[in-house]
Structure formats: structure tokens, C-alpha cells
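Across the two complexes that follow, chain A remains constant while its partner is chain B and subsequently chain C.
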Partner chain A sequence: MIDFLNALTLLANYIIVPGLAYGSQLALGALGVTMVYAVLRFSNFAHGELMSFGAMCTILCTWALQSFGISLTILPTALLAIPAAALITVLYCIIINYFVYEHYREKKIDTNTYFIVSIGVLFFTAGLIRLVIGPKDQNFSDGVRFILKARDFKAMTGLNEGLAIKTTQGMTVVVTLILVAFVFWFLNRTRTGKSMRAYSDNEDLALLSGINPKKVILITWIITGILATVAGALYGLDKIYKPFTFMYLVLPVFASAILGGVGNPVGAVVGGYIIAFSELIFTFAYKKFLFYILPESFSPDGLVQLLSTDYKIAVSFLILVIVLLIKPTGIFSGKTI
Partner chain B sequence: MNLKFRKISLFLLMTAMLLIVGFLQSWNVALLILNMCIISAIMALGVNLQWGFAGLFNAGIMGFIIVGGLATVIISMPPVQETWSIGGMGIIWGLILTIFTIVLSTLIWRKTKNLSRFRYLPTAIIILIGYLGVRFIAGPAIDAIEGFEAAKTGYLGGFGLPILISWGVGGLLAASIAWVIGKITLDLKSDYLAIATLGISAIILYIAKNEDWLARGVKNVNSIPRPVPYEINLQNELWFQELSTSLNMPLREFSSIFVKLCYCGLFLTVLIAFLWLSQKALFSPWGRMMRAIRDNETSARAMGKNVSKRHLQVFVLGSAMIGVAGAMMTTLDGQFTPNSYTPLRFTFVIYVMVIVGGSGNNLGAILGGFLIWFFWVESEPIGLWLIDNTTSILGEESLIRAHLMESVAHMRYMTMGLILLLVLRFAPKGLIPEEKL
Partner chain C sequence: MKKILLATTASVVLASNAFAGGHSTVNIGIILGFTGPIESLTVDMGAGAELAISEVNSAGNFKFGEIASTRADSTCIDSAAATAATERLITADKVNAIVGGDCSGVTTAMLENVAVANGTVMISPSATSPALSTVADDGLFFRTAPSDARQGEIVRDILMEQGYKTIAISYTNNDYGKGLADSIEANFKAAGGTVTLNASHEDGKGDYGAEVAALAQAGGDILVVAGYLNDGGKGIIMSALDTGAFDNFYLPDGMIGDSLPVDIGPDLDGAIGAVPGTDSPGAATFSEMATASNFKAGPFAAESYDAAALIMLAMQASGSNDSTVFKSHVMDVANAPGVQIFPGQLAEGMALLEAGFDIDYVGASAVELVGSGESAGNYREIVVQGGKNTTVKYR
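Moving on to the complex of A and B:
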């Protein structure tokens, strides 16, 4: 029995807790991608850089707060900085939309040209980020590092295995819950949210009923900007902020959105968690887990790892390919793209 | 403006800029830029084939470039006898099993059509068993190979064949990867192709970085054999010394210029061959059909054209060209460094080249390749000069000035983004627009 509990703690420590945190970050990212897809009808390749931009703004605001001597003592100061950073990111989104995307929307340009346009934005944003904060890593997490320390857990329960929960992980899950709940409430319960869904469903009918497309798009970018900032900031807090990683983060984010069904908000959130957990499940070394579960004579020699952690990215790619082969509309049947 | 006049004047302008670099900086620098310009132009030609002719968005150009680079290592490096004797058999058996698994799973996939949804299960089981089997057989061999004198070798080496062969092999490898990706995604709408190619390019990058037994990973492969003579050998040749004195140039400088000219000749041959092929393709019934499909897929389908087959064809051909260019680039560098590959530099800049030059026009793509690479390299000295002059009022110790000077290297990303957005907005056809049929 004690062995079984040990094995369970091991899984909780290395898969469940990090999976929930990483899944929340992916869910927020995928929700942003899906919103843009649903309303503006293009896959925003620059979304990764937008997340990076949001994280950068959070870092700058955190530094500003810290220089004034403001801190949240227990929680990371970044939590206070996120609203201000989100405001800047939303402004950036609106400016980009006004100068870049609006023109192409009016001309009803094809999806392929949108790709190239979003690559232009990606380039510009990536350059801007490197210009402002530089290409180096930034660690901006402060406050208490752990909610639950592995040692305390061991002392509490008397198990061999420890369970550690980082403050950033707990915070990620809580913030995500609040934000996702807010977005769903907004989309389903408010008049503006309903008009957004109507516009996404059928543009012409929505125009006929007097919905103002400019307003719908403005609100879409506001929500996207907020989601991207929070996702980027939480990702940066949880791991470490590295400007170049966001280019590759696009892949799991898009995989989450496509797996759930592009254009479907519920799908994006579910997809995020599925991708995150499968990445961890495929790259976890089960040696110790099997050591607890199996009788001694069966315990394995190797690491019992399906994929080395270097190939994490391959997992989301694999899932993407499987979805494309089996059900291109995704689990919740979004728009077929 | 007349299109012909426009073409000639733009290419003359490009030549003039390279000449200016030759006179102002040095001929060595000018030739170095020219060589990379030619390689960029070939990459741009490949992308033009996919994007300009067919409207396919390939976000994984970097992956095909890396595959070309890997090909040069595998073909041209001398084999490491010791590692072959330790782990060669394991690797070979692993490869055989991999191929066997792929063949078996495709066979089962084809034979189980009547199972409809459940046909995924047997195929998945075969692939899983095959994967674990390969790990079991090749795993110890890989550990042994990577452990052998890791600082010096730690990999299998290559076949020790002439490096020029690797250009073709690089193209073939890239083509076969493109075929698999295209098979899966080309029937779906373009978003999937884009994301799938981005994914495969990331996976190829991680393979190049982590599979040390293949090409040493991040430890890099250095001193890859050359297709042209070495400077030091040239300097000892009698005819070369006489040539250098008769041209009145210092021996050392002349030898390095001579080597670069040799590369230039090789690259130009490939470029001209590819340009000729692309022009032939563009102005053939096939090229007209491709453009017709791009402009109106539905009516092309209605006319009985097999759109997915044509897309697959053009996607594979374009990727092969990019693979060749990737092999050429590693040949020019003389080393394979996986860490130097980034999507911004190796995927998206190529798009800027094609769009700026004029998508759908082969000469345009080449011009774009030359122009954008030129500015990519020269933007740093130009930017430094600009900042130096504009911020001199702020004084030497100004923090803003120091920050700007430090980050001038990143300015080029922003510039590329701006150029792309401006060209798309105000001159979407590019410098040399596509010719009407």
C-alpha cells in the first residue's frame, strides 16, 4: 500500500502538477489562437511572439514596480504587473490590426496571403522584443518559491517520494480558471459576446442584424491581447523567459487549438490540457514508478522512457498528424480549415 | 515602366552594390556575400516554385535546409572505423527494422480499409512495436558510438565520397520528407500544411541537435571536405604563384579570392540549371496549369485536374531545390552547426526574398534572394554607421546610445518585418511582377 502511494505521489509530482500548469498555459494560448481564427478567419502565426511580447511587458512592469519598492511579498510581483502589461499588449494588437490586418480584411484577401502578413508581424514583433529586452534569458519570479515543499510533504506523510508545488504553478492554474471562466461568461452571457459568436458563425447574417464588425474585431483583439499576455507571463514565470522559445511554442499551441476544433473555445482549453499531459506522459521516465508498482524481481534496468525529453515537440506534432488523419475538425468539431 | 528595362536595371543595380562593397570593404567580403546571395537565390527559387507557382505555404524551409546539411556530413566525411565496428551493425539493423516497420504498417493500413475507424489500431500497434524494437536494437549501439572519444568523434562519420554527390543526395532526402508531409496535409486546407511543416522542421532541428551518432549534434562537425582546392595548397603551386605575380596581387589574398571564385562558379552552374528548369516549367503547359490551379482551385478540379497530385509534385520539387541549397550552404561553410539554424533566419527571411523580388517570377525570386541577403549582411555596418552619426549628439556615455549600439544586430529582424509588410501593402506584386500568360 505504501508503495502504491509512493508511486502515486511520483506521478503527481512529475506529471499531474506540471501538466496542469503547462496545460493551463497552452489552453490560454490556444484560446487566443481560436478567437482570432473564429472572428478574423486566419491562423495567426504571430501569436507566439504576441505571447512573448506580453511576457516582456510584464517583465518591464515588474522591474518598474520593484524599483518603486512594491512587491507582493508571498506571490510574485509579476501578478500585479500583468494588468498593466496586458493593457500595453492590447494597445499593440489594436495598432497592428489598424495598420496591418484591417486593410486585408476589407479587401477580403485569401488565407494564404494572411499567412505572409502574419509572418511580417511575427518578424516585426520578434525584432521589437529583441531590441527592447535583448535575446538573453530573464528570470523575473520573486516571492515564496513553493506552496508545498517536497521535504515538508515527506515529513507530513512519511512517504519516500516528495510532492512539490511551486507558487507559480498554483498561481497559473488559479489565474487560468478565473480568466477562462470570464471569457466563457463573456461569450455566452453578454450581448457583445453573443454578437461576436454570431459574427463568427455567419458574417453576412450578422451584418444584416446590424452588428458592427469593427467593434467585434476590436473586442476580439482585446481578449486575444489579454489572453496572450497572461499565457506568456505565466509561461515565463513558470519556466524562465527566453525570447526564442516562443517561436516553437506556436506548435503545441496550434496543436491544442486544432485538436479541440479550431474556432471552438471549449475545444481550445481541453486541447491544451490533452497536449500538455501527453507531452509529459510520453517523455516521463517510468523506472522509479515501476519500481514501486512491480514486485522487486520485475523492476526494470533502463529508464523506461518512451521518448527523450528533447523530443517533447515531436509529441504535439504526432498528435497533430493523428488528428489530421482521423478527424480534421477536432474533438469538438470546430470549423474545418 | 517597361518590364524588360526594369529587370535589367534592377540586376545592374544589384551588381553595382556588390561592386561598391568590393571597392569600399574588400573583394573577399564582396565574394563572400555573392556566394551566399547565390545560395539564397536557389532557396528563393525553390520557395517560389511552392508559393509563387502553386500558392502552397511551407513554414518548414529550415528543416529542408538542415536535411541538406546533414547529407553533406553523411556523404563526405570519412568514416570512423572504430565506431563502425562497435555500433555499425546495431545501427544498420535498426534502420532495417525501421524500414520493415514502415512497409508493414503501410501494408496493414492499405489492407484494412474495410475496418474503417478501427484500422488505426493495428497500424498503431505495429508502429509502436517497431519503435520499441528499434530502440532495443539500436539503443546500446548508439550509446557505444556516442561514448567513443566523444570529444573527437563520437559519431559514425560518413561515406567519404566526393562532397558534390551530397548536393544531389540532400535534394533527394528533402524531397522524400516533403513527400510524406505533403501526402498527409496537402489535401486539407493550407493552415494544416503550414503548421505541419513548421512542426517537421522543428523535429529535424532537434534530431540534428540531439542525435550525436549521426552528426555529432551540438558538438558540430568541422572541416568537411571541400569540392575546391585549399588556399594553402594553392599557395605552394608554381603556376598559381606566377599567376598571382602577373596579376600583381598578394599571394595570400589572391588564393582566398581564387577559392571563393571556384565556389562561385560551382554555385552559379547550379543556379543557372535550376533557373533554366524553373523557366521551362513556368512557361510549359504544366506551369500554366499550376497557376490556373492556384488562381481557381474549384474550376481546375471541375476541369478534371488532379489538384492534390499536382500540389504534391510541386511541393516535392520545391523542397528538393531547398535541400540542394542547404547542402551547398554547409559545403561553403565547411562545417555543420545545428545551433545556427533558426526559423526566423532560415524560413521566414526566404519568404521576404520571394515576396520582395516578386512571387511567381523566377527572376524576381533570384533578385529578391540577392537583394535581401545583401541587406541582411550589410544592415549591421549600415545600421552602426547610422546610429553612430545620429546619436552622436547624445554624447559618448549616453545609455540609449549604448543600448542601441548593442542591439543593432536585432534591428535587422524589425527591418525585415517592415520591408515585408510595406511591400505586401503597397507593391504586393514585388519588384519584378509575375508575367501575364
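Moving on to the complex of A and C:
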């Protein structure tokens, strides 16, 4: 029994807890990508940098709050800074939309051009971030670092294995649940949300029934900006804010959105968790786990690792390719890219 | 007419060459990773090399007059960028010799692609890969840092003395990390220890949870992090502390700097490590000189000072500022016999060489070049206490 509990704790510490946090961050990112795809009908490759931009604004606002001596004592101050940062990011989205995407939308340009344009926005945003905050790492997490420390858990339960839960991990999951619930409520229950879904389903019919496309697009960017800020800030809080890493985060984010079905909000969230957990499950070494659950004579000498951790990013890439080959519409039957 | 023209041209060229040889300033290139994963160390390293140059300049008894220096960025990890920067130093800035590079991978690329082809002497203050001991360098490459083959022995000694029997190693995936990790593993196993896992990590990632999970499953009493303190190495330690995977850490030379204990906080207390360093009188003098010049005698700063000093002394000894000529004098000025020269005494060294005496440059890092021209290796053992790297002893 003790062995079984040890094995369970091991999985919880290295797969379940980090998987839930990472999955939440991916889910928020994928939700943003899916919203833009559903309404504006293009793959927004600049979404990773948008998350980075949101995280950067959060950091700047956090610094401002800290300089006034404001803090949340146990929780990271960044939590207070997120609303202001989201406002700036939303403004940035609206400005980019007004000066870039709107121009191409009026010309009714095809989706391929759109996505090349989004790559242009990606590089512009990346450059802007380097200009404002520089290329260095920023650690902006304060407050109590752990909800549960590995050492305390060991002392509490008497198990060999420890379980650590960081404050940022707990916060990530809670904030994601609230935000995702709000977005679903907004899309399904409010008049504006319904008009967005109508516009996404059939643009011409929506226009005929008097829906204002500019308003729908504006709302979409507002939601996307908020989602990107929260996702980026949580990722930066939980790990560390490195401007360069968001470029690589785009791949798992897109894999999540496509796996769940592009344009389908439920799919994006589910996809985020599936991608996060498969990255962890495929690259985890099961040596100790098997040592606990198998009889002694069977316990393995090797690491029992399916894939080296170097190939972590390849897992999401592989899933992306398989989904596109077998079921291009994704699990929840979204649109095909 | 044609012949006269040719003769005049030739003599003008010769004359201007002679003129240049007599009066032009010598230029020394300083190529270090001023950006990148060890950028917090290169501030002091660059200042160290420049301190030696300004010391000789203010003494004014160097054969070739005023010495200029030109900085370039090796980036520490991008070989293409480092090669291009070296190319520019040699062809455009016309440097006579180079202090650098810093990290082993870029140093190898700079040496093989540019320095050997152009016949330029390179003295690296911090490239420690064992592979650089056997590289075909035409006698142009030296280092004031010891090879990691030596560091592997030091790591073994420290770990064994502290009673660690099983270790896990995480190294940065490049020439430096791989060379050091293999040297540690070979030495530790030969001494009867167990290495549970020797795996790489990539620099520049945001999340090292998966890497640490694999290391944790392999187990071990202590984690040896052969990485960089401003990049992946720091990420691995943070993640290992977060998940409670390891409590004890060994920090090789690339991980020792003032920023790491500050970035990680009190959890790093108790971590052990070693970095090239010496308690010779030269080190203390250099430390004072550095403080007077507003920089710190941080890791590899003394080695940088010595690298620049060796270049200038070898030029003085050989009577030539041509790399292909003075390269054979570097070992002579660095090693016994001769009058011992310490930091701040470069003027005396120059004067002695001018008068035809032998010198034995000891410098700031107790330089003793062995083998193909690399430091024999003195290490400063440290332990992290109260957010600072504190010296335990010298080995």
C-alpha cells in the first residue's frame, strides 16, 4: 500500500501537477487562437508573441505596483497587475487590427495572405518587446512560493516521495477555470456572444440579419487580448519570463487548437490539456514508478523512458501531424485549416 | 620605365611596411560572450584584459609603442556569429593577437575557421573543453584556464571527500558541457562512484520540468549541473528545487558567479563547487587592482588579465608583433626559469625582457602552461552560504 502511494505521489509531483498547470496555460493560448480563427478565419501565428506582450505588460505593471509598495502578501503581485496589462494588450490588439488586419479584411484577401501578415505581426511584436523590456529573463513572481513543499509533504505523510505544489501552479488552474467559464458563458448566454457565433458560422447570413462585423471583430480582439495576457502572465509566473521562449510556445498552442478542433472553444481547452499531458507522459522516466509498483525482481535497471526529454517539443508536432492526417477537423469537429 | 615603376612601388611598399613595424600601435582583439549565457561574467573578464593593456600603455616601455584593443562579441554559443566576429577582428581591425574566446564551442570554431588560417595567436581565458588540448592549432592556441580533464579530477576529489557516492549529471548540450560531463563521469566512476544519469539540457528554454523529472527518476545524492549560470543551468536548479527532486548541487566553473545565489535565493545554500582560482600573492594584488579600476576580480577575470599580459610579453620577448613569430615565445615567458612577474609588474617584465633577461610570468592566476599550452590548473573550492559563494580552500 505504501509503495502504491509512493508511486501515486511520484506521478502527481512530476506529471499531474505540472501537467495541469502547463495544460491550463496551453488551453488559454489555444482558446485565443481558436477565437481569432473562428471569427477572422485565419491562423494567428503572432499569438505567441501576443502572450509575451501581455506578460511583458504584466511585469511592467507589477514593477509599478511594487514601487508604490503595493503587494498581495501571499499571492504574487502580478495578479493585481493583470487587469491593467490586459487593457494595454487589448489596446495593442485593436491598434494592430485597425492598421493591419482591417486593411486586408476590407480587400477580402485570402487566408494564406492573412497568415503571412500574422507572421509579419509576430516579428514586429517580438522586436517591440525586445525594445521595451530587453531580451533578458525577468523573474517577477513574489509572495509565498509554495502551497505545499516537497519536504513538508514527506514529513507530513512519511512517504519517500515528495509532492510540491507551487502557488503559481494553483493560481494558474484557478484563474484558467474562471476565465474559461466566463468565455463559455459569454459565447453561449449573451447576445454579443451569440452574434459572434453567428458571424463565425455564416458571415453572409449574419451580415444580412444586421450583425455589425466591426463590433464582432472588436469584441474578438478584446477577448483574445485578455486571454493572451492571462496565458502569458501565468506562463511567465509559473516558469520564468524569457522573451525568446514564446516563439516556441506557438507550436504546442496550435497543436492544442487543431487537436481539439479549430474554431471550437471546448476543443481548444481539451486539446491544451491533452497536449500538455502527452508531452509529459511520453518523456517521463518510469524507473522509480515501476520500482514501486512491481515486485522487486521485476524492477528495471534502465530509465524506462519512451522519448528523451530533448524530443518534448516533437511530441506536440507528432500529434499535430497525426491529427491533420487522420481527422483534420479535430476531436470536436472544428473547421479544417 | 616599367622596371623603375616597379622598383619604386616595391620600395615604397617595403618602406611603409618598415615604418608600420616601427611605429604603428599593436591591436589586441578581445572576443568574449558580452551577450549570451555567461554575459554576467564577461563584464569583469573584458575589464581584466583591458587592465593589463592599459597598465603596459601607461608604463610606456613596450617595444611597439601604444597598444590598442578592440572588443567583439563571441555570444558564447553561436559559432557562426563568433566566427564572423573573429574574421572581422583579423581582416578589418587588423588585430595582432586575440584574447578569447570564452566558451569552448565558439573558441574551437574561431580557432579552426579563422585564427589558424590567418596565423593569429589566440589565448583563451576560459575555454576548458578537453578537446582543445589536441586540436590542430599550429602552435597558435593557448589558454590560461585549465582543461576540464583536470576539472573532472577536482570534482571527483571534492565529491568523494564530502562522502557522495551516487551522482546525477545534467550538462548544457555543447562542447563545454559534454566535455566536462564526460570527464566528471569517467573520473567519478574510476574512483568507485556511481553516475545514475548523465543527460543534456538545452539552453534558452522556459521550462526544465521534464529534464528534472528524468534526473529525479534516475536518483542520486547530488546533482552536478555542468551548465551556465545565466541560462539552462539556473533553470535546472530552480526546477529541481521546486519539485523537491534534489537538495544538493555541485556547481562547476560555468555555474559560479555572484548572480546565481542571488537569483535562486536561500535554497541554494550548501551547494558546493570549484572554479579556477588561486591564493597566490598575484591573485590578491589583482583583486586590489580590479577594485581600483572599478570592476570585480570575478571568475576568469584574472585569467583574462593573464591572457592579455602573455600576448604583450611574448611580443616583447620575440621582438615581433607578428603572431607566427611570437607564438613560440608564449611558453617561455609563462614558465620558469626567470624572474617571477606578478600583476602590476608588467613594466618590470617588459624592461627585463628588453635587457635580455628571462622572466617567469606568474600573474594573477599563477600561470604555469603545460602540454600544448594550457594552464596546469589551480582551483578555488567554494560553498554557497548566506547567498554568497564563499571560499573553502584552494586546490
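Methods note: the second predicted complex is superposed on the first by the 337 of 337 C-alpha atoms of A that agree within 3 Å, B and C clash if a C-alpha of one lies under 4 Å from a C-alpha of the other, contacts with A are read in each partner's own complex, and residues count from 1 in each chain.
Throughout what follows, a residue touches a chain if its C-beta (ideal position, glycine included) is under 8 Å from a C-beta of that chain, and two chains touch if they have at least 3 such contacts.
On a predicted model such as this, the values are computed, not experimentally measured, just so you know.
Touch criterion not met for A:Asn188: it reaches neither chain B nor chain C. In the superposition on chain A, the chain among chain B and chain C reaching more residues of chain A is B.
Contact with chain B, but none with chain C, is seen for A:Leu131 once the two complexes are overlaid on the shared chain. Touch criterion met: A:Lys242 reaches chain C, while chain B stays clear of it. Of the two partner chains placed by superposition, A:Ser209 touches none, neither chain B nor chain C.
In the superposition on chain A, A:Leu122 makes contact with chain B only, not with chain C.
When the two structures are aligned on the shared chain, A:Asp310 is found in touch with chain B and with chain C. Of the residues of chain A, those at positions 244, 248, 308, 310 touch chain B in one of the two structures and chain C in the other. Looking at the complex, you find that chain A touches chain C at residues 13-15, 18, 22, 137, 139, 149-151, 153-154, 162, 164, 166, 235, 239-240, 242, 244-245, 248-249, 279-280, 283-289, 303, 305, 308-310, 312. Taken in their complex, chain B has these residues touching chain A: 55, 57, 59, 120, 184-185, 188-192, 194-196, 198-200, 202-203, 206, 209-210, 342-344, 348, 351-352, 355, 406-407, 410-418, 420-421, 424-425, 428. Note for the complex: chain A touches chain B at residues 43, 45, 100, 103, 111-113, 115-117, 119-128, 130-131, 134-135, 244, 247-248, 250-251, 254-255, 258, 262, 308, 310-311, 313-314, 316-317, 320-321, 324-326, 328, 336-337. By the touch criterion given at the top, residues 173, 197, 199-202, 204-207, 209-211, 213-214, 216-219, 230, 235, 238, 242-244, 263 of chain C touch chain A in their complex.
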